[in-house]
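Note sheet for the following structure.
In this document, chain identifiers A, B, C and D correspond to the written order of the chains, with residue numbering beginning at 1 in each.
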Amino acid sequence: MASETGRIEAFSDGVFSIAATLLVLDLKPPPEALPFWRGLAAQWPGFLSFLLSFLFIGIMWINHHRLFSHIRRADEVLMAVNLLLLLGVVWVPYPTSLMTQSVGTARMRDAALLYNGSYVVIALLFNLLLSTCASRQLVDRSYLGVKNIAKRYAVGPTLYLVCLVVTWWSVPASLALNGAMALYFLLSPDTSLRVHRTDGG
Amino acid sequence: MASETGRIEAFSDGVFSIAATLLVLDLKPPPEALPFWRGLAAQWPGFLSFLLSFLFIGIMWINHHRLFSHIRRADEVLMAVNLLLLLGVVWVPYPTSLMTQSVGTARMRDAALLYNGSYVVIALLFNLLLSTCASRQLVDRSYLGVKNIAKRYAVGPTLYLVCLVVTWWSVPASLALNGAMALYFLLSPDTSLRVHRTDGG
Amino acid sequence: MASETGRIEAFSDGVFSIAATLLVLDLKPPPEALPFWRGLAAQWPGFLSFLLSFLFIGIMWINHHRLFSHIRRADEVLMAVNLLLLLGVVWVPYPTSLMTQSVGTARMRDAALLYNGSYVVIALLFNLLLSTCASRQLVDRSYLGVKNIAKRYAVGPTLYLVCLVVTWWSVPASLALNGAMALYFLLSPDTSLRVHRTDGG
Amino acid sequence: MASETGRIEAFSDGVFSIAATLLVLDLKPPPEALPFWRGLAAQWPGFLSFLLSFLFIGIMWINHHRLFSHIRRADEVLMAVNLLLLLGVVWVPYPTSLMTQSVGTARMRDAALLYNGSYVVIALLFNLLLSTCASRQLVDRSYLGVKNIAKRYAVGPTLYLVCLVVTWWSVPASLALNGAMALYFLLSPDTSLRVHRTDGG
């Protein structure tokens, strides 16, 4: 069984790492007309989208990793739901690319709506995966303060939904919020660690 | 021996996950001439092909995973046949791309024939892998209601052949059937679960 | 130690599977001017290069897998030599692409020389890896009919060298020989199996 | 716990191997106007950048592998810092591509500054990973001559900083130094082996 979960993780790790790495293909060279460093600076929308999406995929991977470290049994439903989540992850480079291209154009708001909206959906898919594990009792006993976990992870889609709403008001603010969320999730490990300790030890 | 199978799975997982992820590179930005959301909607053939092919590769991976969880011994023939199956998987992005480009053009039927025909061949390669495992006795005892398994998996190529035939009559119908099959394979885990229980427990 | 080798294999599996999968990105759509199937047929140089290179990478992977199943201990020299081999594998899509583009042009012979020459070098790098394992005693005892193994693997570079020489005389003949070698390596598992039995059991 | 580290390694291996393999996508065909081999020779900046970056990523992977073989426990901070390092690795193909395109143009110095500067930052991120492991006591006891290790690894950013400074004076000299460092790191395994023996045995 362990090895069964192992292969789901291997396939997922492949998808996560490839999707994260493909993001670099979308970075364009600085335009020839400008001096190098000013041309590079003019590419900031690409760098920003690259950074936000890489962190988003990376954090999704960390969450995926954390969840699967508690899964003891895999079944077909889990594999199907996991596949849907991976579909979301594979999708990420597309809205990222549109976001990059649209900065400073009339389509920026629309692209940002697609971008933040995609994150809401992917965060919801992650919560679907989590609730699948809970309802099918695939996670180990020590994790069965699952409702709390579920509440904790519900923070993700909620915050990305706020991001989405903020987009109507201001695209830069929505991206800043998106980035702040990534940094918060990445740099506040103490909370997560506490979870680990509570559940696992 | 376990680790020998393990590496075949790792290489296969790599190929499956990369082929699935590369599909996103084929999604084109909405044409500048249209408003964003209408332009995006005009890209539906790309999204549909992306979705169908991702699900196809994902389901092939699930089947591959399920089969290999029963393989106890690997030999050179298995590796060669597995390599042929992976060749098929790596091929998938190409007919997918042609399918996307040809929607609404005179070549749509031909591209759909290539697309559905590729699926027939890949499904046959999977059955070749299965029968290789059976005839060379590489699967474990509990799986040796193998003929039933073989019959079950024969459903795949048969249905994709039906898809292929339907293509002559109507391309949209063939794609709808293709999608329905993906959803059926993905969302009807109960049958598969029963198999698991019968064979493994 | 097992896990140390395990990670070298994981990194190598990644490189092998990605290099093999990236080959599909080089397949071009059939030209619009021709009917679909004739345009597709006109792409045969791309399909042939794709097939040959995929099989070459796949067979290199099988050999790599077989060798590493006998490696019990990894050291820094092994990692460095393995990295050089992987450099060769990563290189493959480039001469493949040039081969495809040059079929039917005046540069076909030159591109085929680069293509077959690359295979000679990569096969030599594999033999360097093998002799590194032998001289540093990294393989297990039962494999220490190593000289015979070395002789067997020396067949690879020799045959690819023949391919390279044949290229001067006839490019199609060199590609046909290249393909025949791939099929031979792939479809004659009995010899390899015998090796396995002799060494491992 | 072992398996927890295992998955971080799997994700990292994926990112390292994909970033290294994507480098090949940037190799351009020789210009049609020149004879094949002279056209190929004219692509030397691409081959040089490809080689340097592949070796850089490969050596970073070897170091990452070596470090993780001593890590016994993973926590959230480790995952976050590891993610930053991977962000650096994913970034590599971009300055590599700019370096290639700018050889022989007025922007060569600037591109080389970005290139060598990226290496400094990535080497610093690796040292941040190392010091995270040390300060959070994630590595095993036998490795706790960690300060020496830290000193050893501090060589990396220092040398890449020298590379960066040399770039102002001469771009070719900086690239030559960069390559010499790669060869030194790759071909001087005796030192590294001694470390292994001292720490591990």
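Here is the rule we go by: a residue touches a chain if its C-beta (ideal position, glycine included) is under 8 Å from a C-beta of that chain, and two chains touch if they have at least 3 such contacts.
Worth saying up front: this structure is predicted, and the values here are computed from it rather than measured.
When every chain is reduced to the mean of its CA atoms, the largest separation from subunit C belongs to A.
In this structure subunit C contacts its sequence twin subunit D using mostly different residue numbers, the overlap staying below half.
One inter-chain figure worth recording: subunit A and subunit D are separated by 26 Å, centre to centre, where each centre is the mean of the chain's CA atoms. Computed centre separation for the pair subunit A/subunit C is 37 angstrom, with centres defined by C-alpha atoms.
Multi-chain contact residues, meaning those touching two or more other chains, occur in subunit A at positions 10, 14, 18, 22, 25. Contact residues of subunit B toward subunit C in the complex are 3-4, 7-8, 10-15, 18-19, 22, 25, 75-77, 79-80, 83, 86-87, 90-91, 93-94, 97-98, 101-102, 107, 110-111, 114.
Within the complex formed with subunit B, the residues of subunit C that make contact are 2, 6, 9-10, 13-14, 16-18, 20-25, 27, 29-30, 36-37, 40, 51, 54-55, 58-59, 61-62, 65, 68-69, 186-187, 189-190, 192-193, 196.
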